[in-house]
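Structures follow.
Below, subunit A partners subunit B and then partners subunit C, in two separate complexes.
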Partner chain A sequence: MQLIVNITVLAAIYALLACGYVLIYRVSRVMNMAHGELAMLGAYLLYTTASLFVGHPIVAIAMAVVLSLTVGVLVYVVLMRRMTGEMVLAAILTTIAIGVLIRGFVVLIWSGAQQHPLQTLNFSNPSIALVGGARISTCAALLVLMTVVVYGALFAFLRFGSWGIRMRAAGQSPLLAAQRGINLNAIYALAWGLSTLTGSIAGMLIALDSGLDQTMVVIGLKAFAPALVGGLDSLVGALVGSLIVAGAEVLAIHYIDPLLSDVVPFLVLLAMLIVRPWGLFGTREELDRV
Partner chain B sequence: MLRLLTGALTGALAAVALACPTVAQDAYVVGVSGALTGPAAGTNAPPVEGLRLYVDRLNARGGVNGKKIQLIVLDDQAEPSKAAANAKRLLTQDNVRLLILSSLSSTYAPVIAETKRANVPLMLMGAVCPKEVYPPAEALQFCTTAYAGGYDSRAALAFIKETAKEPVRIGFAAMAIPLSRGEIDYAEGQAKTAGLTPVDKEVIPPPTADYTPFATKLKDADPNWIFSWAPWVTEVKTFEALRRLGWEGDYVAWAHIEAEAELARLKDGKFYVIGANSLFQDNLPIHREIVDEAKKSNVRYPAEQLTEGWIGGLVLEAVLTRAGWPTDADKIRAAMENVKVDTQGLRGGPIEWSKDNHFRTRQYYRVYRWDPAKSAIVQAKDWVPYDVK
Partner chain C sequence: MSSQPRASGYFRTSYGEDLALVGTRLRRVSLALFIATLILFPFIASPFQLDLASQVFLACVGALSLMLLTGYAGQISLGHAGLLAAGAFTVGILFREANAPFWITLPAAALVGALLGVIFGLPSLRLRGLYLAVSTLALHFVVIYLGGEYEARRGFSTGIVIDPPRLGKLFISDGRAWYFILLAAAAATLLICLNLLRSRTGRAWRAIRAHETVAEALGIGIAGYKLLAFVISSAITAVAGALFAYYRGFVSVEAFSLFLAIQYLAMVIVGGMGSLLGALLGAAFVTLFPYVIESALLALPGAQSYASLLFAVNYSAFGLVMILFLVLEPLGLVGIWHRIQSYFQLWPFKHRPAAGGRR
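So, the complex of A and B:
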């Protein structure tokens, strides 16, 4: 039973991070290589607001969420907007540069020391006993719950929301969407905002569960594998890909060798690229354009 | 026209020369490569900050032999390729006569290769001491860092054997980097010799999203003690994951620079840290001195994390004093081979280097833990010396 819980928690981490990759790729065909850094920045923002609003955890969390959304929008407005019309590769390289910048700023502002937002918020993280003798920490349970909520909200938003429908339209054909009066800049800014927000939520919950340091960047990068396995333009794919990669990783740790945990996500990815390069739920034509 | 062109060119060259960072001709130039950013920064950046703090204070007091020390600090993000590039630049461009490294063990090989090529001594500070500094030591490698392969495990296992009230079933946790893995393999072998029963060993990759799967495997092996010798992030996150799974055994971790604050955060009476540095809760005069200096300089890391860098500074001062002025790499190496530095209570004894021993002649260990009854950090075991042979 503990194995199932472990797989679920790791899958939730990957899924929450992977949906950020999907949101941006889906509307703009850009692979955001700074997603891990943005997730880490969101967690550091929570740490900062928790330090500023001592005794008001709800205010601190709300502020961190708003700031994360704002950061995402600003990244688009200030930097990525200028990449419109340029080669996709140029946009990807820009995201790499953004990542390097964020890593530098994080050390300058918060230092490289490990931080503990949970302590700053004055929260505790007790274990919850589950059936079959399994246990899960409160923060990990919250992470799983938040993944369900985020994916539910994103599906509803893209299916029924007017901005969500516009976002899908912009992703399918930017030219036609623009001709129909859809403000592409607003759509892209929203996609960057939502992507950074979901990544930041993942970052905040990981930081609450096990502390905050710069290793989160690498975790963000590892979540790229589930996004690709599922298909870069599919939210369902990100969810399924996360479950597959997390399952393979946890089972490899338990039954083969813990050292494989680093390699397994990319082995699964490699296998998927050989068998079905566009991913489980990705569309073939989308990938051809890359 | 030609004169005008020549003048403009000279002016431009002068401007370029002024814009480039200059290396002082009238100072001891020391190169430092450290993991100032990146995943290992939490452990490896504070020693560099501590060294800078010490050197700034030393320079303000007139320097060494009447000359200032100029530190050229570069970030290698714990990446071997960047560390190699830093070493090459510091040795060939900046012509440093001593190189200091504070980074992960994976950066050692390329940096050592560069220092050998340039015949310049390398001082490892805040980065784990490799076996090459033990007798008979490699000519160019020296180490001031508290932790060291082999001796640390022996001390930790001896403490466990002495403290355990029942037969010990021991688990091990390492990070998937060369020295951590090597040390835990060594500890596993030593445990068998010491009559402890090894039940599991987890080697955990550095970027891990969730430590619970590794902790689950450890817990399933049912150890009553676990020893971890790895960067702090692996040591503490594995422990916390074990506790969340309901494991109630005793855990011994190497006391990295984060240990003091973390003992107070975890408040767990069965979490021990073993190390060669005294903690600031001992409140020695040298601790107060570091705290005061840190306050004045507004450093980014807590004062209790600056010990390694401060000790590095003490050793650097002693070496340069002995090397005299003017100096070169050979004189510095000769000085390093004959130095004894009083650590003023930061360690259990002095750092003493000779031609054959670039580590120390005697390594001291002390164990701390959180005492729930006193609600304070206490010594679980006072200094125990180990002769380095």
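So, the complex of A and C:
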């Protein structure tokens, strides 16, 4: 029973991070290697706002959410906008460089030591007993709940919202979308903003649950595996992929070797790349040269 | 090498001249001077400068091999740190388990690298661009895991210590000796790359990079040449890793983080895609960069207060430089070099004559 809870929590973490990869890839065909770093930055922003607005947790959280959205939009407007039309490699490398830059800045500003935004916010994190003797911490439960909310909102937004429909159109054919008067720059900026927002929410909740330091980058990188397993342009795929990868990882840790935790997602990813590179739910497509 | 017509005209009259590596007398003289400087350098340099130069040569080997793969054959690899680790661990394991001398471990490292190259290369037959980058990234983590597992199982949790290589009764541990060994390794790699690139193989790689379908239509066996690129590049990289292990005398998975792979990619980018000179310039730039930052930072007033931040400053400055090159100068240092060259060639004019205007 505890295993199932662990799998669910890990899957929720992966799903919340993976949807950021999917959003950006879907509209602009760029793989954002800085996603883990952006998530970490979001968590650090929460830590800062929490220490600025002591006693007003709601204000602090709202501020952090708005700030992370801004960061995402800024990353696109300042840097990634220039990389449209460049080689795939150049775009990937730019995101990698952004990641390196963020990591350096985070250490410069907040130091490399582990922080605990939970205490700064004055929240407590009691564990809740579930049926079957399993336990889950409040923050982890919140994480699962948040994943459901975020995915629900994203599905609704992409299906019914006018900006969501524009986003899908831009993803399908940028040229035709631009012909119909859709502002591609705004769409891409929105995608980057939303992706950073969801990533940051994941980062904040992980930080609340288990403290905040540079290891979050690795979680962000591992979350790429579920995004690809499910298909890089499919949100449903990201959910399913998260369940598969999280299941494989938790079971491997439990039954084989705890050291495997950092490799299993990548092994699953490799297996998927060999069998079905476009993922479970992704669209098959012709891929760019370097 | 450079196919653009010289401002003074095009005077080659035979295929032999076209193929020659050092074409003109000026080039021969400057090359001889350069080599003489390199040979004299260790006799005037301090041990610290010697170490820096050796590191640059080591980086050159890795950067050249990555340039071969990414800059010429057009296959992205985010897994080169894994290959370096594989080479270093081959040395470490053979030394620890079998006490093997370097003339066994180095070829063994090359062999392991070549084998891994096949494994790294196999996805490239089906995948391109981003997906290939991801698959090599995944393999990087697998290799690192295997290395870490070996360390943990055999009780070398802090790393494997390796004795310096022995030649007869002589231990090679002197900084000057290492300088020459690594210089020779870098020079040998450069020669291998130069010769590969002006042969059938190199032309096939460039064709694949330019357009796969067209290359196939021209009768180039895509699969074979792609795998060959991976195998050669990986074998050279693994040898670089093995040399690194001997040079440091110490192997540990911590040294081969993803950041190392990023650094090697940065060498290729900063230097300039598709140019061996670029690989050399990039290797020197990326290797020396942290030391430049460090000395610049320590020269500022109140140096003691920043000393603890050095690592973070380095990190962010590195990211910033990478972004600047990618956004502002995609051709890299070589691009800048060519621009300076043509500025002086064309002086007092500003622009090249229109293409085809003069032959």
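In this text, the second predicted complex is superposed on the first by the 285 of 290 C-alpha atoms of A that agree within 3 Å, B and C clash if a C-alpha of one lies under 4 Å from a C-alpha of the other, contacts with A are read in each partner's own complex, and residues count from 1 in each chain.
Keep this in mind: a contact is a pair of C-beta atoms (placed from the backbone, for glycine too) under 8 Å apart; a residue touches a chain by one contact, two chains touch by 3 or more.
Just so we're clear, the structure is a prediction, and the values are computed from it rather than from any experiment.
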Note to self: Quick check on the superposition: with subunit A as the shared anchor, is it clash or fit for subunit B versus subunit C?
What the structure shows: clash
Next item on the list: For A:V66, select first, second, both or neither according to whether it touches subunit B, subunit C, the two together, or no partner.
Entry: neither
Note to self: Once chain A of both complexes is superposed, is A:L267 in touch with subunit B (first), subunit C (second), both, or neither?
What the structure shows: second
Margin query: Per the contact definition in the header, classify A:I256: touching subunit B only (first), subunit C only (second), both, or neither.
Written below: neither
Next item on the list: Give one of first, second, both or neither to describe whether A:I13 is in contact with subunit B, with subunit C, with both, or with none.
Entry: first
Checklist line | Which superposed partner A:S137 touches (first subunit B, second subunit C, both, neither) | finding: first
Check: Looking at the overlay, does A:T215 come into contact with subunit B only (first), subunit C only (second), both, or neither?
Finding: first
Margin query: Tell me the contact category for A:G104 with respect to subunit B and subunit C: first, second, both or neither.
Written below: both
Next item on the list: Kindly classify A:V149 by the partners it touches after superposition: subunit B alone (first), subunit C alone (second), both, or neither?
Entry: neither
Next item on the list: Tell me which partner A:I206 touches in the superposition: subunit B (first), subunit C (second), both or neither.
Entry: first
Note to self: Among the options 43-51, 97-105, 331-339 or 349-357, identify the stretch of subunit C whose C-alpha atoms clash with subunit B after superposing on A.
What the structure shows: 43-51
Notebook entry, point to check: Following superposition on chain A, which residues of subunit A contact subunit B and also contact subunit C?
Noted result: 103-104, 107, 112, 221, 259, 262
Check: Across the complex, what residues on subunit A touch subunit C?
Finding: 29, 31, 79, 82-83, 86, 88-90, 92-94, 96-105, 107-108, 112, 221, 224-225, 228, 259-260, 262-263, 266-267, 269-270, 273-274, 277, 287-290
Checklist line | Residues on subunit C engaged by subunit A in the complex (per definition of touch) | finding: 70, 74-76, 123, 126-131, 133-135, 137-139, 141-142, 145, 148-149, 152, 209, 211-212, 258-259, 262, 265-266, 269, 309, 311-320, 322-323, 326-327, 330
Next item on the list: Can you check the complex and tell me which residues of subunit A touch subunit B?
Entry: 2-3, 5-6, 9-10, 13-14, 103-104, 106-107, 111-114, 116, 119, 125, 127, 135-137, 140, 206, 210-211, 213-215, 217-219, 221-222, 249-250, 253-254, 258-259, 261-262
Note to self: List the residues on subunit B that touch subunit A in their complex, please.
What the structure shows: 35-39, 41-42, 44-46, 176, 202-214, 216-217, 232-233, 236-237, 240-241, 243-246, 258, 265, 300-302, 305
